[in-house]
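The same chain A turns up in both complexes below, where it pairs with chain B and then with chain C.
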Partner chain A sequence: MVALLFVPSLHNDYITVTIRNILMFAAMSYGWNMIGGYTGYVSFGNAVFFGLGCYCSAVLSKYGIDNLVADVALAVVVNAIFAVLVGLPVLRLRGHYFGIATLGILLAASDLVNNLDFLGGSGGLALKQVDQAHFWLYYYAMWLVTLVCMLGTFFIARSKLGYAFVAIRENEDAAEVLGISPTRYKVIAWAIGGVMGGMAGAVFASANGFVDPSIAFAIDNNLFPIVMTLLGGMGTASGPFIGAVLLAGVNEILQQKFIKIHTLFFGAVIVVIVVFLPRGLMYLVGLRGGVRRWFADLRVFKV
Partner chain B sequence: MQLFWQNLVNGILSGGVLALVALGFSLVYGIMNIINLAHGAYIMLGGYLAWQLFTSFGLDPLLSVPLAFVALYVLGYLLQRGIINRVVRAPVLATFLLTFGLSLLLINIALLIWTGDTRAVTPSYSGANFTLGFITIPWAKLLTLVVALVITGVLYLWLHRSKTGRAIRATSMDVGAAQLTGVRVAHIYGITYGLGAGLAGAAGALLSLSYSLNPSMGEPFLIKGFVVCVLGGLGSVEGALLGGLLYGIVSSFATQFDVTVFGQHLSGTGLQDVLALLVLLLVLILRPTGLVGRATA
Partner chain C sequence: MKVSAPRDLCLRVENVGMRFGGLWALSEVSFVVERGTILGLIGPNGSGKTTLMNVVSGVYKPTAGQVIYDGRRISDVATHDVCHLGIARTFQVVKPFASLTVRENVAVGAMYGRLGAKRSAKDAFARTDELLDFIGLARVADRPASDLTIPDRKRLEVAKALALDPELLLLDEVMAGLNHSEVDEALHLLRTVNERGVTLIVVEHLMKAIMSISKHVIVLAEGKKIAEGSPLEVTSSPAVIEAYLGSRFAKRQQEERER
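What follows is the complex of A and B.
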């Protein structure tokens, strides 16, 4: 992470933007990890927070405010409020029903923005032209956002809050008996994750200089963080970052080498990961007993 | 009044094929607890199969329906036995991601074979319609509805009367108990997933009559199928039928929706799915087991 501080001094825009995007996906993965990894509530609509963050920056720019700090601050407030309002009814649902409801929220939000002239509709909104001399600024902003998500996850996981999340994941009824209000803690986790995704969106929109619904609510923004977290290890503080670096790196190389079939490869990579590493890469780190143990653990899932 | 009846008929006509889409999804979901994200890809493959047979041999899409069913049944059975069964007992996210990966693979293979160009199947009756009193009914959509209803009926009888059908339902109730009575679970899972894929393929071939084809055409139907199957109740044939018709009717009437809020004009045609999703959220919150579901679903 510290080494990444020196990237802009290479004065290579391609590398800077690529690594900024990897950092962005890492931040979004941390956002998904909070609800999906720690409380075990698998959300299929977390990109809605990223999209909201994008539109926070765009609306501020529309009113002549082009300030990254203001962008991120607004995204934090808006996402936290949105997450609580939506979370209260939706997080009463359990398991798959929560998943499909979040997917519904994402699709509805995307359709709604598409039809709102105030937000530019399907044509999108242009932000202030990106200042080339201060190109590095956006990079450091994204770096900072990712660092905040990483450290935030690290400290939350070791706090009372984090233990409450894990208790809900392991056994919601038992957690409730222990005096943990499941809905309250789930909404907190969902809101923290939403704020993380929103911050990444706010910085991205300013750096990109343009947003429309297909960019802000892109399918990739929804799926990559899930796959990255699963690859790195759900419910860990380092998993999302490792997963993002690996997967975004692989995707970047595939895109360079096989422009036409890189998505096909991507699908194959996912299939192989799920079949051989259903518990993520962090499982391998903690594995004692070598390959034999690994395959014995895999057989548990077989029918 | 005329508009009301026309909307109702349109809704029922498009609801029939939605029921078929949801039926396959619901079987796989209800019996194996797999959220099958590849379902949309199977619909797309069924559609392209019908298109290929139509352009190469002039075969009527209605005749490709059984062929698409068989081809995708075989594909689904092999995928389940070869890949999905390995992780079928892992947490639900594993099979979710696995089927997502499969879906990416299948869509991109289709993209390589058939390219991204939009295709259409145009038999002689594709644009024709007839009027019943003051209601206009397109032939293609009516035929689609009839075939969808027939398949649903046959499947219902098969699940309840045949030996394999009973084995499938037994497995969905209690895997351990089914195994004890001699049911080969891995094989039954293969058949169930094959049936799900086959139904999607048949639906795809039917859809090719009234929709244009492209490799990602299955996605909106996947989401609608998901909604319909949750609306109706998991793993239930009659639930899928009821949910499909309801979804069709709601989104048909939604096209009439037209309001202006705070100077923002919102028209129903762009928000059809938003309204349908709102109905889903309401049903989920008020009746989490679906319209005909039981508490244990």
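What follows is the complex of A and C.
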């Protein structure tokens, strides 16, 4: 992470943008990890937060405010409010219904923005022209957002809040009897994750100079963070970052060399992870007892 | 609604009925539990013991009647708030948080239980370490809960409940599946907990265990209370013998006694 501070000094725009995108996906993965990894509620609509963050920047720009700090601050507030309002009804649902509902939220938000003239409809909104001389600024903003997400996750995981999330994931009934209100803590996790995705979106929109619904609510923004977190390790503080670096890195290379089949790669990765690494790479790092223990645990997962 | 209750009364169950579809799993069950006592709750399989525990711990809201704890109706309280009033329970089918360590499992209780709001994570872990020592789990404190043996899982279930700092503890078959010496250890543990001022309701299949620990026993059969009294009284009650061993056996015993 510290090494990534020196990327802009290479003065290579391609590398800077590529790594900025990797950081962006890392931040979004942290967002998904909070609800999907810690509370175990798999969301298929977290891109809605990224998209909302994008439009926060776009709207501010429309009113002549082009300030990254303001962009991020607005995204934090809007996403937190949106997450609580949507989460209160939806997170009363238990299990798989939540996943289906989140997919609905994403599609509804995307359609809504498509038809709102105020937000440019399907034609999108142009932000202030990207300042090429200060290209590094967006890079550092994204770096900082990712760092905040990473450290935030690290400290939350060790706090009372983190234990409530994990207790809900492991056994919601038992958590409830221990005094944890499942709905309240699921909404908190969902809101924290939403804020993380929103911050990434706010910086991205300013750096990109243009947003429309197909960019803001792109299917990749929804799928990649899930796969990245799965690969790195759900419910860990380093997993999303490692997963994002590996997967986005490999994807970038594949996109260069094998443009036609690179999407196939993600499908294959998902299958391999689910079968052999259901707890992700971070699980292997902490593994004691070698291959034998690994296979023993795999059997446990099959149930 | 505040309902006045005598000071030494801990729990009052009034005409509680619980219906699932067309089946009344409990009907017109009433009893009281005095503070500081150990109430035994026995009954054959499917007699409604666990359902009753679920009603008292606020997991189920009763279809009829009411449960009053410390002058408050439990049925008005959300499940996650019942433990803040001072009621803790264990699950018959133990529910550990498998990926967390034993220590973390218990700490979750200490963080969110009756006194949890005042505790930092660090304080909760300090309280946890005391409890693990007391209950005999200190040696496996840092092992994942999924690695534990059956007796240790039962201990963990009790430790999690105790971490809530309860005034009333409901124990749902914590001794099932334990061998003789383990049952003796468990009984000793429960007595110690009780001596520290916690009122207990002990649901158990093992008659012997119940008889040795509680002076007052309630017998359920087919969702109804069929007997109540001292262990000796209930075991000699024809209704209880019938429920456990069938009507022919009860009749024969009755005849033998008359002879």
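Keep in mind that, in the parts below, the second predicted complex is superposed on the first by the 297 of 303 C-alpha atoms of A that agree within 3 Å, B and C clash if a C-alpha of one lies under 4 Å from a C-alpha of the other, contacts with A are read in each partner's own complex, and residues count from 1 in each chain.
Everything that follows uses one rule, which is that contacts are C-beta pairs under 8 Å (C-beta built on N, C-alpha and C of every residue); 3 or more make two chains touch, one makes a residue touch a chain.
Source: prediction; values computed, not measured.
In the superposition on chain A, A:Q255 makes contact with neither chain B nor chain C.
Using the contact criterion defined above for the overlaid structures, shared-chain residue A:G179 touches chain C, although it does not reach chain B. In the superposed pair of complexes, A:F118 makes contact with chain B only, with no contact to chain C.
More residues of chain A lie in touch with B than with the remaining chain of the pair chain B and chain C. By the touch criterion defined above, A:N12 lies against neither chain B nor chain C after alignment on the C-alpha atoms of chain A.
In the superposition on chain A, A:N171 makes contact with chain C only, while chain B stays out of contact range.
Look at A:S214: by the touch rule set out above, it reaches neither chain B nor chain C.
Applying the stated touch rule to the two superposed structures, the overlap between the chain B and chain C interfaces on chain A comprises residues 300.
Taken together, the chain A residues at the contact with chain B in this complex read 36, 42, 89-90, 92-93, 95-97, 99-101, 103-104, 107-108, 111-112, 114-118, 223, 226-227, 230, 260-261, 263-264, 266-271, 273-275, 278, 298, 300-303. Against chain A, the residues of chain B that register as touching in their complex are 29, 35, 83, 85-98, 100-105, 107-109, 112, 185-186, 189, 223, 226-227, 230, 264-267, 270-271, 273-274, 277-278, 280-281, 284-285, 288. Across the complex, chain C meets chain A through its residues 57, 59, 78-84, 88-89, 91, 95-100, 104, 107-109, 111-114, 116, 120-121, 124, 146, 160, 163-164.
Residue ranges on chain A touching chain C, taken from their complex, read 158-160, 163-164, 166-167, 170-171, 173-182, 235, 300.
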